[in-house]
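We just call them A, B, C and D in the order they show up, numbering each chain from 1.
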C-alpha cells in the first residue's frame, strides 16, 4: 500500500460481480498501469478468485469473519480470502460492523497471514484508539454521507482534519477519507486536507462510464500529492 | 434434487478451501458417477466459482444474506452465488441463523433465480411451519449433536420420525436428517426412519480418507432406499 | 385477552417511562374501566414493576430474551417480567426481531409461566406458520407503515384480509392489525376487515392528548365489534 | 466511585430478581455501611427501580442499548435506567458486547446524564484504546475464566499487570479486574497487582451464604489497599 491510496469498494450492486465486474476491473487495471497508481479493488467474496486471477491489481475482500477455522458454516475467513488471491480486506465497514475484540483478533490474524487491512471508522474519536490495533490504514467515513454524493471533503472537512490530527499521534498507519466522494475535486480536497488516499463506492459503481470517473480521481489524487 | 439426497457441508475447516477442497470434490465427483448418486457440496463463498467450474456436482453456498442488491458491503447474495456457478444454498444453518422474514425473502428470491434451497431447522416443531415457505428440502439437525459423532439416527431417532410426520402434512418438500452422522449405519437408519437423505460435515471433512466415508454413506443410502 | 384487543406499545419515547408514563397509564386505566374494554400496555423493562403496581391494566413487556436463567448479563427474561408484574409480552417486534427457534422457545416458556404472548409478523405468509407455535395472538404490521401515520387499514387492507384468512386455518389464536393506525376510523376498518384488535404506538405516544386518541379508538373498536 | 471498587454483577440467576435479589441487596448494604466500603450492584433492568428505592447502594444497569429515544421497542436506554434510580451501568460485558461506535455514543450520553460507566474488555490490548473514550472505569475479564472459579489473579496475573501498565498511560480511569474471582485471596492479589477493585458475579450469586463471601472480599480489599 502506498499513497495516493485509492480503494474502490464494489459493494453488492448488479455490476459488482460476474462479467461486468471483471470488465470493470480490467479497465481500472489499465488506468492503474497508465498512471502508475495502485488501485485497490474490494470485491464480493465470490469474485476474489476470478478477479485476482485475471487482473493485476491488489484485490481485497469486503469483510472477514472473526471465527477461527473449524465448524463455522457460511464464514468467510482470512485464510480463505488469501487462498483465493486477496491481498487484504476491509474491516468494520459501516454496513458490516464488528466488535473491537473481533477487530483486534482479525488484524492479528491478517498480519500473521501477510494480508493487509483497512479498518473503517465512522468518527475521528476512534481513529487514534483503533490505530493502536495496527491496521495498515484507517478509512474514516461519516455514515450519514455514504452513498449520498455529498462528499466528506466538502460537507465535513473537519472530520478529515481532525482524523489527520489523530492519526499523527501514531506511526505507520495511513489515513484514508471516504463517504460521498464523487468528483475529482473531492479527491483533491481530501488529500490536501491531509488524507493519504480516498475510498469510493457508488460514484464509480453507479457511473455510466466508471473508467472516466476513476481516471479523474487518479489525476486529482496525483495533483494533490505533488 | 432427488433422493437419496446426500449433502456434504464443507464448513470452514483447513481442507474446506483451496486445492485440498478441490481434490476432495473431485474424489466425491468420481463416487457420484460410479454409483449414479447425486451428491451436493456446500462450499465456502470463495470456492463456489472454482469448484463448480471444475467439478460436475451440484455446488451449494453455505449461506446467503437477505439484503437486496445494492450498497451492502460484505454481503453474499443469491445473485452472486448463481453467477459463481452455485445450484442452490443452505439456509439458516445453526451456525448462521436467520430470522423467519429473511428466510421467506430468501426462498422467494432463490426460486425467482431458479436456485434450490435446503432450509435447516433444529426441531421437529418448525418442520411443518417452515415447509409452508416452500424450500426444496428441510434439513433437521438437533444442534447439540452437530459435530459430536453421536448420530441423530441413534441418539434421537424420534426427532427424525416426528419430523417425517410433520413433512408429510405438506407436498414436495424433502426431509433430510443431520447431526452427528458418522457411519454408514447412521445413514441407513436415518433413511429407514423416513428421511429422504442425510446431511454431513465433520465425519467427512475430518476423516483421514474422506472418500471411503462418502462411499460407505452412498452404499448405505442406496441400500436403505431399495 | 379478549376482543376487541387494544395494545399500546409505549416503545422508548421521552414519555414512555418515568412519571409521564405512569400518568398516561392511569388515564388509560380510567378509560378502560369506563368502557369496560381491556387495554394492554407494553412498557419498557424498567417500568413494568412500577406501572403494574399502580395501574390495574394488563402490563406487557416489549421483548424478552431467549436465553435461560443463568450467566446472561443484560438479559430480560420471562421469569423477570413475571416477577415484576407483567401479564405477557410482545415477541419479535420489527424493532427487535428474533429467530424462529428462539420464538418457539420463548412461547413455550411463557406458557409454562402462565404469561401471554403477542407475536409480531411483517407479512401474511408468516401468520399461519407462526400460529402453529401457539402464541395467544399474532400482530401483523407491515414495517414500511410503522410510525408513518398511513394506516394498514387504508393503505394495505389486503394485508389484513389475507392475514385473517390465514389465522382462520387455526383455532384459538387472535389476529391483531397494526402499523400506521392513527384514527378511530383506522381502528374501525381494521376490525371490520376481520382483525380482533389493533396495535398502536406513535399515534398515542406522540399525541398532545393521548387519552382522547385512546378514547376514540375504544369507541370505534366497540362500534366495529357490535 | 472510589477504590476499593467492588462491583457485583447479579446477571440473570434465579436469585438475581424478585424478593431474593432484594434481600441479598439489603445484606450487602449492611456490610457496605459496616466497613464503609462502597459496593456497586449491577442488577436486571426490571429490578433497578425496586432495589434503588429500597437499598442505599449505587445501583447499576447491566447493559444499555445505543439507540436514541424514539421508536425502539424493547430498548433499555440510559435515560430509562437513570429515571429508575440507577447511578451507572456496565457496558460491553462479554455476554452483551457492543460495537466501538456504540460504546462511544453510550459513554457520551451517560456523561451528559451524569451516569457512571464501567466498560468491560476481554484483553489488555483494548485497555488503553478504550480508556480514550473516557469511561469511569475499565473492567478487564478474560472471558475464558468468567464463571469458572479459576481467578484471573492466580491463573493470569499478567493480564492484570499488563492492563495496569496500559491504564497508567491515561488519567482518571480506574482499572478493575474480574473473571473467576472466588476467594478473599483472589481479591487481595488482584488489588496488590495494581487493580483498583474487582468485579464478581457467580462467586456471590451462587454462594450458599453470599454475605459471607462479600464480607471476605471487603476485608481483603481493605487489607490490600492499606
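Operating definition for what follows: a contact is a pair of C-beta atoms (placed from the backbone, for glycine too) under 8 Å apart; a residue touches a chain by one contact, two chains touch by 3 or more.
The structure presented is a predicted model; accordingly, all values stated were derived computationally and were not measured.
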item	value
Same or different contact residues where chain D meets its copy chain A, judged by the half mark	same
Chain whose average C-alpha position is farthest from chain C's own	A
CA centroid of chain A to CA centroid of chain D, Å	38
Chain A-chain C separation of Cα centroids, rounded to whole Å	44
Contacts with 2+ other chains: residues of chain B	none
Graph class of chain-chain contacts, one of line, ring, star, complete, other	ring
Chain A partner contacts - residues on chain B that touch it in the complex	9, 11-14, 16-18, 42, 44-50, 61-63, 67, 69-77, 79-81, 83-84, 90, 93-96, 146-147, 201-202
Residue ranges of chain C in contact with chain B within the complex	97-101, 103-104, 121-123, 125-126, 128-130, 132-133
